[in-house]
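The first chain written gets the first letter, and so on, giving A, B, C, D, E and F; residue counts start at 1 in each chain.
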Amino acid sequence: MDAATLQTFTSPVVLFFVLGLLAAFARSDLAIPEAIAKGMSLYLMAAIGLKGGVAVSKSGIDSTVLIALVLGIAASFLMPFFANFVLKVFGKLGRINAGAVAAHYGSVSVVTFVTAVEILEAQNKPPGGYMVAVMAAMETPAILTGLLLARGMGSKDGQKTSELLHEVFFNASVVLLLGAFAIGIIAGAEGFGEVAPFFEAGFKGVLCLFLLDMGLIAARRIMDARAITWRLVVIAIGLPLINGTIGTAAAVACGLDVGSSAALGVLCASASYIAVPAAMRLALPEADPGIYLTMSLSITFPFNILINIGLMSMLASALTGVGGATP
Amino acid sequence: MDAATLQTFTSPVVLFFVLGLLAAFARSDLAIPEAIAKGMSLYLMAAIGLKGGVAVSKSGIDSTVLIALVLGIAASFLMPFFANFVLKVFGKLGRINAGAVAAHYGSVSVVTFVTAVEILEAQNKPPGGYMVAVMAAMETPAILTGLLLARGMGSKDGQKTSELLHEVFFNASVVLLLGAFAIGIIAGAEGFGEVAPFFEAGFKGVLCLFLLDMGLIAARRIMDARAITWRLVVIAIGLPLINGTIGTAAAVACGLDVGSSAALGVLCASASYIAVPAAMRLALPEADPGIYLTMSLSITFPFNILINIGLMSMLASALTGVGGATP
Amino acid sequence: MDAATLQTFTSPVVLFFVLGLLAAFARSDLAIPEAIAKGMSLYLMAAIGLKGGVAVSKSGIDSTVLIALVLGIAASFLMPFFANFVLKVFGKLGRINAGAVAAHYGSVSVVTFVTAVEILEAQNKPPGGYMVAVMAAMETPAILTGLLLARGMGSKDGQKTSELLHEVFFNASVVLLLGAFAIGIIAGAEGFGEVAPFFEAGFKGVLCLFLLDMGLIAARRIMDARAITWRLVVIAIGLPLINGTIGTAAAVACGLDVGSSAALGVLCASASYIAVPAAMRLALPEADPGIYLTMSLSITFPFNILINIGLMSMLASALTGVGGATP
Amino acid sequence: MIETVVRKRIEILTDTALLGRVTDAVDKVGITGWTVVPVSSGKGRDGRWREERVMGTDKVFVLTIASQDKAQALAEELAPVLTKYGFILSMWDVEVIRGERF
Amino acid sequence: MIETVVRKRIEILTDTALLGRVTDAVDKVGITGWTVVPVSSGKGRDGRWREERVMGTDKVFVLTIASQDKAQALAEELAPVLTKYGFILSMWDVEVIRGERF
Amino acid sequence: MIETVVRKRIEILTDTALLGRVTDAVDKVGITGWTVVPVSSGKGRDGRWREERVMGTDKVFVLTIASQDKAQALAEELAPVLTKYGFILSMWDVEVIRGERF
């Protein structure tokens, strides 16, 4: 375990997540009010969007940005096929549940990405600002693939589909991320300067408290879980490893820098637990949230935060030959 | 459109408001929890009160301050008469609704003022710190005039009137604004220094998120609105122009500096959507919130934020001959 | 009244508390949403825990720390006996209520401690970082003594006792304080640096708003109070004076520095109004919250914030011969 | 078997700003207690409302359990306000344990 | 004495994300209004849920008062969605003042 | 026409800290689910309370729908706690759709 990995476990951000896990396992009544948690999640999305936009306003949009976008969208569309196959064959899930879970693994987790950015920056491998746009673009394609897999080609009611598409493209996180990203581009570094004390200086601290809450929620959910088999646990750890490795490797092959490659790997590895569950509840009410939420939130999310981000970072360094830790 | 006006549209504060409007019009489910919105509004009032108090503790209280106070209170008392006339004759509202709406336009909007201060400061025309006290003093007189207009001289039940007066003078925003203002005066610059990182550095960022929420609420309300005619839309844009122009001109005539004159204009132009609706609901339950809230919140408020603050700033510069943009 | 005491009344932190008291007495409708208040209290505990841990990571753990811990735990265990005696004999309370109130006075108030730290630091008498651990350790022993006094030795149902012990040792504030303290030790000054803008710069401002809320709650409760006699008022002021004096003197005698001695005095003087009420409601449902909450929250808490912290600070200076105000 | 008695459960939808008037009426007719439940949005003749808490025009439910007589007295007491402010009052029979306290 | 009339009080537990479908149905059958009450946690066949608001999978109660006929029409209207999404609908008779408005 | 069956709707006001005891009782008597609704303030024999969430002494409503038998069993199960902690339990008949699940 090298210095960079160790650093992960002395970072307050990760330690607060561990505290949340431990407190919930010890059955402490520690809890963060929902309104506060919701507020923090909006803050984090606005801040990451803004920062990404400001970064792009400096660097401009070049072919790398387009390549990363295409790569991310393709991954989000295609990853659910593989996940669906594994979930059915090895995980022994039915068609509906397999499709629903697959959608989660094709989509992304904003908080996992945000935590990865913090860790990569601390290792001197900052991802490009445009990765925020890549993240936003990756949220929704997987939902379409997942539904296709779960319901087959012939969707019955067309009216409901347009409702769903609207819900998916204008869902709160996509709108806020892309909106803040656009504001960052328009306002630029100068305009951002005015609000930087709020959106930049407070960022890591808010992330600490938010991860504390995520730790509490993740651990409480797994203690209540009933529908989870050992096969599903294996998949919830195996998929982020495989998807992450493929994503990182593809990004390096396409010429992205080390930080952006690791970040794309983390995006591929991460599983949604906000946008996709809400969409699945609407479109696939027969699917069991006890399966898809527990897998993505209680197993994959902690695994990514505690271990997989570090692995993707090392992998990207190894593949690009650029170690960030010693500048 | 000069550079200063353009600057308005690259300021993150205004851009987040626009994002809120757009997101709501696109029927996104983006929403800020009420507790968070309420918390932000308390924060903004405490911060603006404190900053005003600290500024006055430096500058002291002189005749200008008294003139501005008298001007503001007189405006709040008198503006509803004109508004009431227009609302009845041109707007075709009945006595009760006209009186209720008039009260809103005589009173002030804290957030409009706060946004104006930010924009004026960015244009190097900072208003005097005492304007916070002027704002607090302007909140309530209009309520009395509005009730007089709606109910006629002979108010029936005296007991209820004393209840209303108490409600009006000790309402949350008056108490918090004036309380924080007093704390600012007592604590002075030195005492404020301790809490400045919270109340000063975070201010613009919080304002961004608060205006995002205001944009969402304003746009959603107008999409649901049913009682609004084109005549009322014209009034909701015309009144802030007229009231604002008179206010700015009167302030310049009384010798206020350019920033304070523009700020007084904005106060006259703004319409309350917190203190007055609550008071009207108590005192004039027959009046229709679908009219007064929609006009003040969904038409006048956006118009002031996006256009009218800039106009008042230009007007004050033209009248005083002092342009702030090039220092 | 010397300069240091006067300073208390020009500090925004204390002034916001006074504003809360006044607003509630004037029956203003000013109120802070519960979710925000809860969020601020979690923030304050995380921040004070972190800062204490970082301080200990610098200073290391020596015999002074152990002495302070032993002193605090002993005080928490023993103080309820004296309080119980006074409450029965002078206060004329029955066994159950006397035991319940005694538990509150043996335990501690986190916000009183936090305010004391701010005031002591402003007087150049910063308490040691380890005092956070002392505070956390003092929260629970008094609960056990209080129950013993209220119920006698032979507790009926063993199963419920283990439930209570779990509740008491894993209650939210103990877990968060000690958890953040541990994170502070692990992350050290370097790790803390990343999150300092959030947890350090914002601290005093959040404390202002939190004390505003506490002022509102304390004053509203006393206006509704019915079960409070003048004898109980005398005790609610006398006990913090006596406990605080003994605590400060004992700390000085054991060789603690001036700031830590004053802080230990404040801890002894303070009465819990979070952890203990919740535990009493579980374990002694027959006890009257109208007595214990009103005494601790509405009388002792304001007395400590406004007067007693200053007294303990002066006492500690007098006893150690070290005045902090003139460095 | 536990004994239950029949009481009225009364539910009043009121503006938060006017909560005090409703609870004063509950106290006045001698009902022992009441409980307030938050409300998050709604629609009536004036159209839809939501998130009005920022504007201070939101609503709450006041729930109280009382004997038939006191329930009737409360309805009488509140009738003028109900009509004036457009509150909603509904009531129905419920079985309660420890009926002596209501 | 105040006059009361008997109406149905209907209570529907629904996903927050599907609130619009329920209130559309209420509007469609011609009921004058409805009120939404927040829900903080629960347990059903899928196990326990709480704090799902962050995940957008939380629930709310929709309350509405209507005549017997309209209540029945609403139940018919919602029946397919209820079964599909596992909502809960219950209703009972209540006495209301100002009954003409419902 | 949609078929409805009659069930009991039970409503229990409890301290938040003791919610677990109530829901354990619900589970124990074999009721399929329950829903928790937040409460913001109230008044009882001990006087008024509000904003006690900061102090951890606030309350919630637990709502559950069950057959007559299970409702009675729940009342018996909770009776001792009710008296000890001053909770309130009330219940009444409601019509439900999809009655087989309760």
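Heads up, the rule we're going with is that contacts are C-beta pairs under 8 Å (C-beta built on N, C-alpha and C of every residue); 3 or more make two chains touch, one makes a residue touch a chain.
Since we're looking at a predicted model, the values are computed, not measured.
Student: To get from subunit A to subunit D along touching chains, fewest steps?
Tutor: 2
Student: Select the chain at the greatest separation from subunit E, using centres from the mean of Cα atoms.
Tutor: Using the mean of the C-alpha atoms as each chain's centre, the farthest one from subunit E is C.
Student: For subunit B and subunit C, let me know how many angstrom lie between their CA-based centres, rounded off.
Tutor: Result: the chain centres lie 41 Å from each other.
Student: Whole-Å distance, subunit C centre to subunit E centre, using C-alpha means?
Tutor: For subunit C versus subunit E, the centre distance works out to 46 Å.
Student: List the centre-to-centre spacing of subunit E and subunit F in whole Å, with centres computed as mean CA coordinates.
Tutor: That gives a centre separation of 19 Å.
Student: Hey, what residues on subunit B touch two or more of the other chains?
Tutor: 29, 31, 33-36, 38, 167, 172, 197, 201-202 - these are the residues of subunit B that touch more than one other chain.
Student: Where in subunit D do residues touch two or more other chains at once?
Tutor: In subunit D, 17, 37-38, 40, 50, 92 touch at least two other chains.
Student: Under the definition above, what is the set of subunit A residues touching subunit B in their complex?
Tutor: Its residues touching subunit B are 33-36, 38-39, 42-43, 46, 50, 166-167, 170-172, 175-176, 179-180, 182-183, 186-188, 191-192, 194-195, 197-199, 201-202.
Student: Which of the residues in subunit E come into contact with subunit D in the complex?
Tutor: Interface residues on subunit E, with respect to subunit D: 1-2, 4, 7, 9, 23, 27, 32-38, 60, 65, 92-98, 101.
Student: Per the contact definition, I'd like the list of subunit D residues that touch subunit B in the complex.
Tutor: 15, 17-18, 40, 46-51, 53-57, 84-86
Student: For subunit B, which residues count as touching subunit D in their complex?
Tutor: 31, 34, 37-38, 41, 167, 172, 213, 217, 220, 224-227, 273-275, 277-278, 281-282, 285, 288-290, 293, 297
Student: So in the complex, which bits of subunit F are touching subunit D?
Tutor: Where subunit F meets subunit D, its residues are 11, 13, 37-45, 50, 59, 61, 72, 75-76, 79, 82-83, 88-92.
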